[in-house]
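Take a look at the structures below.
The two complexes that follow have chain A in common; it is paired with chain B in the first and with chain C in the second.
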Partner chain A sequence: MKRKITISIIISILALLFAVALGSVYISPMDILRIIGSKLFKSQLPEAFSDTNISIIWNLRLPRTLVAFVVGGMISVSGAVMQSVLKNPLASSYTLGVSAGASLGAGFAILFGFSLPLIGGFSLPVMGFIFGLGTILLGISFAGRLDKGFENNTIILTGMVISLFVNAMVTLMSAIEREHMQRLIYWQMGSFSAQDWKNLFILLPIAAVGILLVFHYNRELDMLTFGEEQAKTMGVNTKLVKWILLIAAAALTGSAISFAGVIGFVDLVAPHVVRKIFGSSHRYVIPMSALLGGVFMVICDLVSRTVIPNQEIPVGAVTALIGAPFFAYIFFSKRE
Partner chain B sequence: MKKIIVRFLLVVLLIACTGCGSNDVKAPEADVKPDETQEADSDTAEDTTDGLTDDAANDEMASGENTVAADLTTDRQGNEITLPEQIERVMVAGPSNAEILVGLGYADKIAAADVYSGNVEGLNSDIPMFDMTAPDVEKILQLEPDVIFVTGMVQATGEDLYKPFKDAGVCVIYIPSSNSIASIEEDIRYIASVMGDVSKSDAIIQEMSEEINAIKAVGETITDKKKVYFEIAAAPNMYSFGDGVFLNEMIEIIGAENILKSEEKWITAADEAVVAGNPDVILTSVNYIDNPVDEIKGRAGWDAITAVKDDAVYYIDTDASNNPSQNIVKALKEMAKAIYPDKY
Partner chain C sequence: MLKLTNVTTGYGKLEIVKNISFQVNNNDNLCIIGPNGCGKTTLLKAIAKVLPFQGKVEIDGTSVTSMKHGEVSRKIAIMSQTSSLYFPYSVYDTVMMGRYLHMQGEFFKTPSKADKEIVMKCIEAVALKDVKDKEITKLSGGQLQRVYLARTLAQEPEIILLDEPTNHLDLKFQIELIEYLREWSKEDSHSVIGVLHDINLAMRLSENLMVMKDGKAVAEGKAGDIVTGSLLQKVYDIDVAGYFRGALKRWNGGCE
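Up next is the complex of A and B:
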């Protein structure tokens, strides 16, 4: 196990280095190290370094790669939790409506120019987060009312019904405000372009708190995967734990996608790969999902910005291109 | 067994759901949609004008002589059409077509237009407006249009949205979005021919050519070309263009250089490429956010770009620059003044 973890960490570091080293513009690895070094230690760079190259590394590539890493980690942990808590290999925050809700919030901000007081520039992510989380909470509490036992299937079904309902509202809104619709669609496609350090510093504490909280419940997560009855007999307050974990997972995805747009499939793929490699104990599943999910996202982002020179393709398309076949694989192997 | 069925249904539902979530429905944008079929179509359309080089075509138009009516057995896309004998009522889908019709003096014949054409100056404000990607067939047929001019961009969905009109016997004419100035002039000539008087296009095309040539004359004298980046959509999906787009042609006429000129057609630019390209001037035709110029200046890392340092970021009229019609001349002048304020 130790060896597997060490290898994963090495692969992750390599992937991060690659992501910073490669881009539309070639800058030699030595120069990149010197640029980063000078920024970290506030030393002066020789004149030969152009402003634009420094900016590309320090203001574009580095924050972008790190935001991709954090976002990937957040949504993968979220996916792992959803799959385990709901005992459904295909469950995710998205199926419970976080993306529909976030799109609705983003729709208000983009289509109707709704802006929050004090935080004007951050209206879009904040609205996305509030509506994304709100939609899931609505679904879960609805399920709790409908079904005293708080059954997984009830949660998933109510989540999906509400998700479809909210999606319909987004469609309706777009139909009314066609002029701004393209921007909403761009937002929904997801992108790590134009991320800056500020976004990273907002996301990082949320990620840390959320992932640590989930990790704190790793034993309960293990027990829940054995079955709720068994978990109950082992002394787990299943209803409370499920509530806490679902909300934490929703908040992780909600805040991640509010900055990067709706990026699917990573949350589905990464936890399954992690379980295959590291087993299903959540002591490993949670941190390794964060690590490998982050790396997977960094690689997808790298592909999205380098596969065609000087151009970008939506990262959501890249994750889905890799994620979709995997999705089918899980689906068909389950049927046997 | 029942349990298995329930699970199976759940899985199917889940897949259906995630499927919905990730479907990227392409939205209609301004009149400058990059669309494979459309590009192919406009290529074939341009083929019909083969034999005339751009300049030759220009000269011919400019001289105002030998104005030949366009071939009216097909539309600009190559579909066979049968024109009605008299054209009294026209429906128009696509602001470039509306601008051309208004420019030709046919504003009063436009009986209905799409909502994007709502901004076109000179259009009667009381005509019904409709959604060009979902036209209200019943309502429009009731207006009894003789012809319908449709921009090629509505075909992005792959299906012929205007087939119901064809079936009802209305002459539907597709005009693919033009990618060159010569092709825009050809569109104008074609639409004038359809409307029954090709000579009406002479004045417009001549005026266009004169103004363009005046700017070209100055542009040709500029040796130290400024580097320009022109943005159609704001971050994070910075939509721009390379070679093979009329806007690229316009930048060259002004005597400047598009930093993305090595690319083809419409692209989503990578921010690194823009920063590395280090443009001297940044132009934006974005009008869907409050202050596109400040948004560009405020982007992380863009402060290293010369244009941002020199405060050379300018807004160019959205409709004039995005709709391929005679109004591009207005955008051309704005662009020229923005790039070389001391020369134009």
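Up next is the complex of A and C:
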């Protein structure tokens, strides 16, 4: 196991380094390390380093890659939690309406120019986060009212119903305000362009707290995969733990997509790959989903900005192109 | 000691189990038999506080209603019927889950040396040492049943509730399981409440029998006193005694 973890960490570091190195201008990994070193330790770089290259690395690619890494990690951990808590290998925050809710919030911000006081420029992500989290809370509390036992099927079905309803509202809004429709659609496909250090420093503490909280419940997550009744008989306070985990997962996804837009399939792909490599125990699934989910997102972002020269395609499309066949593979192999 | 007084339980407004009362003393066992759907499993869930109930369930004089969930799980463990498996945990990790309430740790629960030793002891007790690192999704039904038994034992409860534990087990393991639990129940202040379909195994595990039908106890007492052909016919709507008399004749070389 230690060997697998070490190899994963080395691969991740290399992937991050090459993601920063590649782009319209290639900058070698060694140069990148020297630029990072000079910025961190305030040392002078040789004159051979152009200001443009330093700016590309420090102001554009590095924050963008790190935000993609953090967002990928957050979404993947959230997916792992949803799958285990709901005992459904195909579940995710999206199943429960986070993306639909976040799109509605973003829709308000984009289509009606809605701006929150004090935070101005952050209105779009904050609205996305509030609405995303609000939708899942609504779904969970509705499920709790319908079914006192808080059964998984009730949660999934309620989430889907609310998700469909909210999606219909987004469609209606787009139809009414046609001139802003393109921006909303682009946001719904996800992108890491224009990410900066400020965004990273906002996301980082949320990611750290959320992932640590989830990791705190790694034993409970293991037991919940055997079903609520079995977990209960082994001493887990299932109702409380389920609430905490679902809200933590929703907050992770909600804050991630509020900065990067809706990006699907990473939360499905990463935890499944991790389970195949490291087994099902959540003391490995959670940290390794964060790591490999982050790397997967970084690679998808790299593809999105390099596959067509001088043009960027939405990262959500790249993750879906890889994720959709994978989703089908899981579905059909289960049927067999 | 486990004592039930007028326990009624079910799902939502649907009452499945009605007014069940019994008492099981330390080192005594009780087996519950009855046709499918008569409420045996539902009753076990109420005893373990998985389902809400009316009436009273007491362990050593303390009502489980007043006990926190973890406290109940320290006293009572259920070995359930095999459930669907979605994630391939190893045998060792699955049995370790039974130690959940015993694990220490401020922020992250970690198993102690004693936890690890107990888990290995339980795995050895059910003869699964050779497959301890194998994924449970790759085990046979019988092996999986034994993993669940090991996990139940690892919980170190005072009372084990068995829910049709011999499902998927071949004859050898059925007998071994019952004999193991008989011995286990003689130690400390242990007891076993078992839901079994096989009357012979039930009678081997416990002298005390409760027969259920339609959520009610229709007979209760020493197996030798209450199990009669007419009772079984009444409960199962079939001439059970006549059927087995015929089978016995065939096994002995006679003819019907």
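Following the convention adopted for this analysis, the second predicted complex is superposed on the first by the 326 of 336 C-alpha atoms of A that agree within 3 Å, B and C clash if a C-alpha of one lies under 4 Å from a C-alpha of the other, contacts with A are read in each partner's own complex, and residues count from 1 in each chain.
In this text, a residue touches a chain if its C-beta (ideal position, glycine included) is under 8 Å from a C-beta of that chain, and two chains touch if they have at least 3 such contacts.
Since the structure is predicted, the reported quantities are computational estimates derived from the model, not experimental observations.
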item	value
First (chain B), second (chain C), both or neither touched by A:185	first
Touched partner set for A:243, first chain B, second chain C, both or neither	neither
Partner chain in contact with A:100 - chain B first, chain C second, else both or neither	first
Touching partner for A:235 - first (chain B), second (chain C), both, neither	second
Which superposed partner A:142 touches (first chain B, second chain C, both, neither)	neither
Partner chain in contact with A:305 - chain B first, chain C second, else both or neither	first
Which partner, chain B or chain C, touches more chain A residues	B
Footprint overlap on chain A, where chain B in one structure and chain C in the other make contact	88
Complex contact set, residues of chain A against chain B	23-25, 51-56, 58-61, 63, 88, 90-92, 94-95, 99-100, 113, 153, 156-157, 160, 163-164, 167, 174, 178-183, 185-186, 188-189, 191-198, 261-262, 264-265, 268, 305, 309-314, 316-317, 320, 327, 331, 334-335
In the complex with chain C, residue positions of chain A that touch it	84, 87-89, 215-216, 218-219, 222-223, 225-227, 229-230, 232-237, 275, 279-281, 283
Chain A-facing residues of chain B, complex	6, 8, 10-11, 13-15, 17-18, 20-22, 24-29, 115, 131, 233, 235-238, 260, 262-263, 267-273, 275-276, 278, 288-290, 299-305
Contacting residues of chain C [partner chain A, same complex]	45, 48-50, 69-70, 73-74, 76-78, 80, 83-90, 93, 97-98, 100-101, 103, 107-109, 135, 151, 155
